[in-house]
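Below you'll find the structures, each written out as structure tokens.
Common to both upcoming complexes is chain A, partnered first by chain B, then by chain C.
For the complex of A and B:
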């Protein structure tokens, strides 16, 4: 059992397209707007426009379409099940029955609802995938910090919060290595992790979790001492080695997103 | 509001464990239901809340939510209202339960905090999934019962074992989360 061989934190696909070069702040804002639009969409026509827009973005970012959809594969069975649940279990009194079998009956209202929800999940997934494929986790964190900065005025410790994110990202890999050692050590002692029923499998978690957490806390205590002895005082007066800059491509992107939002608002609310 | 170095570091490391459990699939116990698996990814959030207080629980929950949004394990987690929002409540609620019951018996308080934290995750995620229309209510309730109960039991036991274990490596003056 190789647990930690292929850990991918965010599946960044390096490139030099206009989408890659966008400021991470622009990308976060644009993705947020697209997600909000998706949460409101309620017609096939609007989804059609959205599909065209997203396809254009995927093409502009130079992402192979198969690659963008690959992450969806393990979720497909659940997606189909979700669609079927809506189709058969949605009940409304005046809906036309398309067909019925045993105690199940599919209505056109259920079909419509199932399609809408499946499409929404599909597009939400595509939007976050495009964001993580074209933006490295580091620049995402930078962008997030910069966007949260105004919240400092109301007393939110934004730089400290981003510091926790950075520590988390750094420690995933360190702890992954440690986890690998623990798992191997337990396997050498004869623990078969992939065998057994629910209860047996659950019981095998304990000899892995306990050393993992205890070691993690030991490392945490060391890091606390290290940071305090270097007088870490949070974000006050701290500057960045690399600063973010908005360029022409960002202005163009914001204009495009605004135009698209206008189109979507027109389609959704008329 | 000021975050101490201790709170920053512990939230970060617990967040890391939560992410790690997600990417290695170690945090999932396969259960044959539509959601696919019972999860123990919220355990670090509960531990953070008990050991360091509600703020650490909240931040760890936010990291957990953000990652389940960016790398969704089930389709409806692609909706931030299902993946991020409910996870913010796990830590503060677990802390509240711990705070209210710890005078009676600390071991019981750990177990209850673990159980309530897990239940918060299940109930709120399923409620949001239903409210947003991804799952019909009947299905949500049956998933909630099928997953929620094993998750709740596992969380209660794991919380007690882990808190007891971790307290051995913590400095003596930091062993309670009420200290300011």
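For the complex of A and C:
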């Protein structure tokens, strides 16, 4: 599909490296720690360390660097815009002006802030991409279910929520195909989706979504009947075929992450 | 009437769909039928004849307005029997896309056994067995989205098989398939009956599928109109045409050849049979 060619977020790249074999829970926790670190980083030196660390992880996971970067392409315009906003719109009284034009003036403080935020978004994206590239959606949801299990005590229906996610993931592609079919059917009857101004174009979308929603409800009804006849009665009393195990690799990974966290805490707060 | 080994029995079963506050559509009218252990039973009838509604009574998805349905002697009308009934009678539906749950084939097959609360190693064994039986082993890690419609339907059947039911109800399992996948699915269904000794109830429009069954029921407007072996029913002078159905290809050919003076038996239903008879004529 044309649409999905450049999207690497959410795509799984099968492999058999140590990173792939990690327990999904380890990977989710590690990614969360890395994201928290990213939110606190405020110097080029810290970003340097972070870059080295992430490069090592990408190499260990056997992800082609070009592939990891391709996913950034669609984000580029947004990143540039964000950087420019910070550069020109950040004002502080004692900042040195680098250059000014018309009503805009770029300060060194703005430049610093722009760089920091852009780098932060870049790395946030990279961390989540590595997670999804090395972890199949199914083991991600398994990990999530296991991590959320304690919340069941306070009444959160975790198993049902995860089941909903699993089903949603399965039906995303089916509904995308259906949307494509409906669009083509309307085009065959003379609807020109690419013509007209913004409002005219938007109005043409409604007749597409109505049948899509109706079909989605019909599918949901069929699915409920099928699940019910396969003895589904909710999360209660259900077992899992695949059980998760933390191994030596996981302990090693957590140690590495802790060491790295220590290093980052030192660079951030000194 | 005493029937040996009845797996499913219905007694004066009536059911109506309510379509609004005071309107209803009578889907089943005083249906009395039975399914024997180990047989392949075909239920046919045109759209709206009530065959799907009847099938949904076999594992408690619907419960009778009047009358009773017994599955291995258990009534579907009492709620506490339902878990045991669903373990006995599995169902496969028309559209495979709307009955697969997971994005990985083997995970989907595990869904049923997981619902039964079985221990992980037993689920694994059952999933492996189901994959092996339906020749799906090479697809175990695939996503259903990447499979052909026929393969998806086999995965759906495997998902039911892994629950080890005594009986599988197939609600037009081949309606969405191309002729070749249709053949493959039917062959697998017949093999399940032969090798795994699973009772099969096949709902279908295709008379060429019916001829493989031990017995058939013809439905129209919520009534059971005819019941018997395919040979018996297709032999009855065109009565089946009144219910919007047709003869199998072989029977149609044999009848028209006979009109042209070629001496053939009336009770031909299999394509293989007519080929053999025609070859003997020379």
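Throughout what follows, the second predicted complex is superposed on the first by the 254 of 270 C-alpha atoms of A that agree within 3 Å, B and C clash if a C-alpha of one lies under 4 Å from a C-alpha of the other, contacts with A are read in each partner's own complex, and residues count from 1 in each chain.
The rule is short, and it goes like this: a contact is a pair of C-beta atoms (placed from the backbone, for glycine too) under 8 Å apart; a residue touches a chain by one contact, two chains touch by 3 or more.
Not measured: the values here are computed from a predicted model.
A.B. asks: Classify the contacts of A:152 with the two partner chains as first (chain B alone), second (chain C alone), both, or neither.
C.D. replies: Neither: A:152 stays clear of chain B and chain C.
A.B. asks: Mind working out whether A:202 is in touch with chain B, chain C, both or neither, as first, second, both or neither?
C.D. replies: So A:202 only meets chain B here.
A.B. asks: Between chain B and chain C, whom does A:169 touch in the aligned arrangement: first, second, both, or neither?
C.D. replies: Touch status of A:169: both partners.
A.B. asks: Counting only touches as set out at the top, which of chain B and chain C does A:181 meet: first, second, both, neither?
C.D. replies: Once the two structures are laid over each other on A, A:181 reaches no partner at all.
A.B. asks: Chain B or chain C: which reaches more residues on chain A?
C.D. replies: Of chain B and chain C, B contacts more residues of chain A.
A.B. asks: Pick one for A:70: touches chain B only (first), chain C only (second), both, or neither.
C.D. replies: In the superposed model, A:70 contacts neither chain B nor chain C.
A.B. asks: Return first, second, both or neither, reflecting whether A:160 touches chain B, chain C, both chains, or no partner chain.
C.D. replies: The first partner, chain B, only.
A.B. asks: In the overlaid three-chain picture, which partner chain does A:241 touch, first (chain B) or second (chain C), both, or neither?
C.D. replies: Once the two structures are laid over each other on A, A:241 reaches chain C alone.
A.B. asks: Pick out the shared contact residues on chain A: the ones touching chain B in one complex and chain C in the other.
C.D. replies: Dual-contact residues (chain A): 166-167, 169-170, 174, 219, 223, 227-228, 232.
A.B. asks: Which residues, counting only chain C, touch chain A once they are in their complex?
C.D. replies: For this pair, the touching residues of chain C are 56, 59, 61, 83, 86-87, 90-91, 93, 95, 97-104, 106-107, 110-120, 123-124, 127, 144-145, 159-160, 163.
A.B. asks: Could you list, by residue number, the parts of chain A that touch chain C in their complex?
C.D. replies: Per the touch definition, chain A meets chain C at residues 136-138, 166-167, 169-170, 173-174, 219, 222-223, 225-233, 237-243.
A.B. asks: Using the touch rule from the top, collect the residues of chain B that touch chain A in their complex.
C.D. replies: Those in contact with chain A are residues 1-3, 5-6, 8-17, 19-20, 23-24, 26, 29-31, 34-36, 40, 43, 47, 59, 63, 69-72, 74-76, 78-81, 132-136, 138-139, 150, 154, 158, 161-162, 165-166, 168-171.
A.B. asks: Contact residues on chain A for chain B in the complex?
C.D. replies: The contact residues of chain A facing chain B are 3-4, 7-10, 35, 39, 71, 75, 78-79, 81-82, 85-86, 89-90, 113, 117, 120-122, 124-125, 128, 131-132, 155-157, 160-161, 163-172, 174-176, 179, 198, 201-202, 205-206, 208-210, 212-214, 216-221, 223-224, 227-228, 232, 234.
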